[in-house]
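In the two assemblies presented below, chain A is common to both, partnered first by chain B and then by chain C.
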Partner chain A sequence: MIKGNRKVLGIFALMACALGSQAFAQTQGCIVLKSTAEIEKEVVNDKGEKSRVLVPAGKVVPGTEVVWTVTANNVCKQPSDKVTINNPVPEHMTLVPNSAFGAGSDISYSLDGQKFAPAGQLTVRENGADRPARADEYKHIRWEFKNSLQPGATAVARFRAVLN
Partner chain B sequence: MLIVHKQIRRIGLAVVAVGSIGLSGQAFADGTPSGDTITNTATVNYTVALVPQTPITANTSFTVDTIVRFTLSGGALVNVAPGQINRVQMFTLQNTSNATSLFTLTPSNLGGDGFDMNAPGTPAPGVNVYADTSGDGAYTPGTDLQVTANVSLAATGSAIYFVVGDTPIGATDTQDALVQLAVEARNPADALPWVPDLGPDVQGGVGGTPQIVVSNGTANGSGTFHIESATLAITKSSSVISDPVNLTGAARKAIPGAVMQYQILLANTGSTSATLQNVTDQLPPPATILFRQGDFTGATDIEIQVGAGTPTYCVAQDGPDIPADGCFRTGNVLTVQAPAITSVAPASQVAVRFRMTIQ
Partner chain C sequence: MFSLRALGAACTVTLCFGLGSNKAFAVGVPAGTDITNTAQVTYAIGATSVTTSSNAVVVTVAEILDVVVTRQSTANTSVSANATQQEILFSVTNSGNGPETFRLVMNSVIGSDDFDPLPSSPSIYFDTDGSGDLSSGDVAYSEGTNDPVLNPDSFVAVLVVNNIPGTVVDGNIGIIQFAADARTGSGAPGTVYATQGAGGTDAVVGMSGAAGLGTGQYVVGGITVTAVKSQVVVDQFGGTRPLPLARINYTVTVQATGSGSAANTSFIDNIPANTTYVPGTLRLNSALLSDAAADDAGEFISTPAARVRVALGTLTQASGTQTIQFAVTIN
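Moving on to the complex of A and B:
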């Protein structure tokens, strides 16, 4: 009986493990998503050579250009497919033209968060006529990664925006 | 896949770096308030084994720091005349910070010039600064209040201030008086000059304490009061036109019955036009010498000539100036005024001529 109970407990333990893992997948998912804010800063090495590096956004005042980086890391043992990152341009910030980047992704933009289109294909109705939307009018960015995100891999999406 | 990841990151950095070329210097800033929280919200959607997964969201925030900066514009070359009061230099102060700031306003006379302005209403050197209390963009004495303490301007706010002084009567033509308005931004928290935060950069996050970045904490504006004065000289001379014996001959003398011509000459050697109110001349009693009428062109009494221009004429009748030509006599006093004469231009002269007969 004791042995039988141990078997039952073992089965429950396995089920709990499975359920726990599933619960983790539902609440945390297979992807760990991170967003960072950085600014570009000039540094000088020991040889006096100048270079520009990204450092965490410290003093940020109006006019500062912030580099936003979003990383999606697949922490599961299965590939993640149709990975799509949506990122509204933060309030009080203006997207820097041509700054959105994401290797292996198709990037599209939206003025309202509903209709997305590649750069240059959005229009704004003004004075009764349509005109191409300017990059600073883009309010949403979407990265659609064309390939599966393999276990352990990280997809990177990045854009620059200036604090108004 | 780690290698792939690194490659992606490298490519990403390279492209972003390239993307930044030519983009710097774009002006988007319009002053997001200090202390505001900026949050980036990213959401990822994906499927696993064809099953849509619950979207994952990540937020990152930073606190907008305080940028201290302002502009001071204005100050000009203002022409003044000796003795003029409440002469004004106008300045506009704009707080281009993203936070409210105090400002000290310090007006002063500068050295190295020709003279100092006097503090309004006093004979002592000095200048005062006044706010545009009336809001009309022009100095209104008695309404616009003197600034004697720090002023406060909200983020992006602006205000007009006037540096005012009286021109000393002793100032001379073409002299300059340089005046300055020195402005310093101060922290409302302690009314002391803003101190830049030189400590480590702090991202702040939600509700963080803003750090202070001082772009410009002081500024000076200056202006010049330039004396433009009329310098008038008046001379009176006489000549004999004819006498009863020699007539108009060269030997004519100022004998009884002789016709004399008098000339009052107004010469302006200053740098600005002099406005004339009137020219008066106390004539001798008629028993001695008698004012002649109708001697000039058109039976007129007075000849007026500006510079070497064509003379004009008027009638100086005894009594009120009925024809309103600007010339008349009241007893023995001859008066010539507008419209006969109105002003004397710089480096010019006006001659007033009339004739009398010696009794």
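Moving on to the complex of A and C:
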């Protein structure tokens, strides 16, 4: 019966789908991405020695520099290739020039989220002429990690921005 | 540490007191604003490309408590003995980033002056009609009853009013202090008043200490000396363009008004940067003065900074306008 065949086909289709999505779910869940916003605080220990620690930034006054850190942790058993972290410069904040950091990555910036270029290579059109974009005009930051991220390893990206 | 940016919140009529706005004082993103940021990562496992987002991080903007008090009247307010309702005008500006209520206080008992002005009753008024002086439309301030609520960037004009005692003589000075502080809290910059900011965010005392202080002084006698300066530029082509080598002819009129006299009045004017005094151009009331010192009322002084000086003696209102002229060339 046609109906019966359809049923069988349907079951096969479901099984194939299930297998496919299981494989997809595995690759999808391989990197756990965490983001934090912190501020640097100076602490003094019992001996009077000063050091700086990062504490969560909850409520922040204008003018404060906030340290943003993104970590990408590979939780799978295979390496992840071409790991690229993208982070928009947070709203109402201005990027601190040269503060973006990520060991083993090439860092680039964008004004529009589409075109990315290394620091100093973006241009802005002003009064009919092109001029280099300033760091405080960058709207997006990208870290492209050159090597694959091994199982269990974590890639770290960080930048600082000042609250307007 | 706190950077100043010209971002002010819009002033809503219900919250604003007076409708003055002074963008130069604005500090920062409005208190209570939530800033949300999420990162993304893309990666490849074999041929499959995957994109994942991070958790959303929220940073809430705290409120900075800051205020600026500026005297709007001239430094000296001329008064006579026994005069009443003598006013000095101030502005109080919320230079923080959240709406704030301010307490106003006037103190006329200051130790370093010749007399204590006597606070009128009431002694503080809002310049409600914006006239710049005390008039019937102005509303009296009563602490705790109508403390001004100011949006960020907004200011309110305030008149402090005092009477002058009868026992003063010409030249006596009476100083008053006018203070405004944030009701949420004030004190050392950085002091945190947790959850007391607009919308429940933290309020943090800014660099002003969330307190502003202005001073003014009443001067008995009423002689005021004012100088008004004008210039005419003559370039070497007969035009008026300020080119190098063009000449600027300055005219300054000095006038004493009011009662009493101003003794030993001297006019001194610095030669502007990037210009050079033209010797032999100093005149008082059209009469040429020598550039040398001590031989007449005028002199040109070259060190430490180039300037002209004209001694005008004792001026009264009857002395009339004194006109000083001199010329410089643009380097």
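Rule of thumb we're sticking to: the second predicted complex is superposed on the first by the 136 of 164 C-alpha atoms of A that agree within 3 Å, B and C clash if a C-alpha of one lies under 4 Å from a C-alpha of the other, contacts with A are read in each partner's own complex, and residues count from 1 in each chain.
Quick note on the criterion: a residue touches a chain if its C-beta (ideal position, glycine included) is under 8 Å from a C-beta of that chain, and two chains touch if they have at least 3 such contacts.
The model shown is predicted, which means the values in this text are computed figures rather than measured ones.
Model built by superposing both complexes on chain A: chain B and chain C clash.
In the superposed pair of complexes, A:Glu40 makes contact with chain B only, with no contact to chain C. Legend: residue contacts after superposition of the two complexes on their common chain; A:Pro90 is shown touching both chain B and chain C. If you count the residues of chain A touched by chain B and by chain C, you find the higher number for B.
Once chain A of one complex is fitted onto chain A of the other, the partner contacts of A:Ala119 are absent, as it touches neither chain B nor chain C. Using the contact criterion defined above for the overlaid structures, shared-chain residue A:Ala135 touches neither chain B nor chain C, since it reaches no partner.
Using the contact criterion defined above for the overlaid structures, shared-chain residue A:Ser80 touches chain B and also reaches chain C.
Within the superposed three-chain model, A:Ala57 lies in touch with chain B and with chain C [touch as defined at top]. Touch criterion met: A:Val70 reaches chain B and chain C at once. With the complexes overlaid on chain A C-alpha atoms, the stretch of chain C that clashes with chain B is 128-136, out of 128-136, 236-244 or 290-298. When both complexes are aligned on chain A by C-alpha atoms, chain A residues 26-28, 30-37, 57-63, 66, 68, 70, 72, 76, 78, 80-88, 90-93, 149, 157, 162-164 touch chain B in the first and chain C in the second. By the touch criterion stated above, chain A contacts chain C in their complex at residues 24, 26-28, 30-37, 57-64, 66, 68, 70, 72, 76, 78, 80-88, 90-93, 149, 157, 162-164. Interface residues of chain A facing chain B in the complex, by the touch rule stated above, are 25-37, 40, 52, 54-63, 65-70, 72, 76, 78-88, 90-94, 96-99, 101-104, 136, 149-158, 160, 162-164. Contacts from chain C toward chain A in the complex involve residues 1-3, 5, 7, 27-29, 33, 35-46, 48, 50, 52-57, 59-64, 97, 197, 201-202, 204, 206.
Residues 1-2, 4-5, 7-9, 11-13, 15-17, 19-20, 23-24, 26-32, 34, 36, 38-50, 53-54, 56-67, 98, 197, 200-203, 211, 213 of chain B are the ones touching chain A in the complex.
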